[in-house]
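Next, two complexes with chain A in common: one pairs it with chain B, the other with chain C.
And now, the complex of A and B:
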């Protein structure tokens, strides 16, 4: 099923407590080389047909207005997968 | 005097909010998330909880609910709206108040009796306080860290839109110790701590003299009744 993928990350200059907790856990497991971990979201929008330019435009719109909050997050990528 | 109290799926504190409204002497009108009819209420409380399971972002899905859309429109016309905790998050996600709320800096859910300073008394929900009054009401949240970009923060401070500031302890890493905000018009107020849990002696925070006797939260509801009567 064709999908539009929207990827969202917390803003780079904001503390990402989830990422920090995972980083600490990885360090405890011995992965000392890892410098940082940040956790975002991947949202899949499923469609019946291959997305049109209009569908992509719509996805961009909802990604900015609803799926992400520009105060705390950035939409880092929107792409199509089969 | 009719004050609406909104219930979304996952709202927790609607009954406490309703009780606070009744104790202040107003009639409670339950408002349901799917119903865009505000039933001619004179003011609205958006209570705390975990609307829609905090899915996507706290308050984000509630901001799209039919009742919220109606509240946003009415608030733009001057209807007094108080957002408490998750209700504050809904106000921010609805763009009735600026900025955002993120996970607490120390990553813990915090539950404590919190001291605040009332920074602005020219609002529908704070007019019964004295300026710079220190109050104590319960705080309980996991995502109460207030953030905004530098420009917004400057505007909030410059225009006196900070309504409450944390005193002694900043429990969640909020910028400028911001606990609550007001809008330009003063009809919309949002804050993370819970006034509705400090409205009746015996059930509130401890005070210096007596256990659980704190009723500082009652002034929020007295304020709105005064504001509506004088409007």
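And now, the complex of A and C:
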């Protein structure tokens, strides 16, 4: 089933407490080389048919207006997977 | 800064209530062609230097044992971004 994948991350200049907690836990486990961890969302939109240019445009609108919060998040990638 | 990107999704045969809620909302907004929505995680692991094969192996371990819950989630992708 074709999917449109929307990837959303917290903005770079915002704190990400969840990511920070994971970073600290990984440091405690000995993964000292890791500089930072940030946790975002990966959203799959499933379609019956391969998406048209119009579908992709729609997905971009959905990603910006509905799936992400522009105040605190960036849509970092939208792509199609089979 | 080089990043290892870990993508985690709920297992295909599990309900994803958050995705279902988004699907219903999108249908109400007129996006009737969308068959399903599933919401997972996109985790960035930031490193100072380009990851070695060992770092990638470590990331795979972290992804399987710590970042994801194997009972309900699948690690669908691990890749490197600059």
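Convention: the second predicted complex is superposed on the first by the 82 of 82 C-alpha atoms of A that agree within 3 Å, B and C clash if a C-alpha of one lies under 4 Å from a C-alpha of the other, contacts with A are read in each partner's own complex, and residues count from 1 in each chain.
In the analysis below, a contact is a pair of C-beta atoms (placed from the backbone, for glycine too) under 8 Å apart; a residue touches a chain by one contact, two chains touch by 3 or more.
Remember, predicted model here, so these are calculated numbers, not experimental data.
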Touching partner for A:44 - first (chain B), second (chain C), both, neither: second
Broader residue contact with chain A after superposition on the shared chain, chain B or chain C: C
Touched partner set for A:67, first chain B, second chain C, both or neither: both
Touching partner for A:14 - first (chain B), second (chain C), both, neither: first
Contacts of A:55 with chain B and chain C, given as first, second, both or neither: second
Chain A residues contacted in one complex by chain B, in the other by chain C: 66-67
Residues of chain C defined as touching chain A within the complex: 1, 7-9, 19, 22, 25-26, 29, 31, 33-48, 55, 58, 62, 66-67
Contact footprint of chain A on chain B as seen in their complex: 56-57, 60, 64, 92-93, 98-100, 102-105, 107, 147-149, 173
Of all residues in chain A, those that touch chain B in their complex: 10, 14-15, 17-18, 20-21, 66-67, 69, 71-72
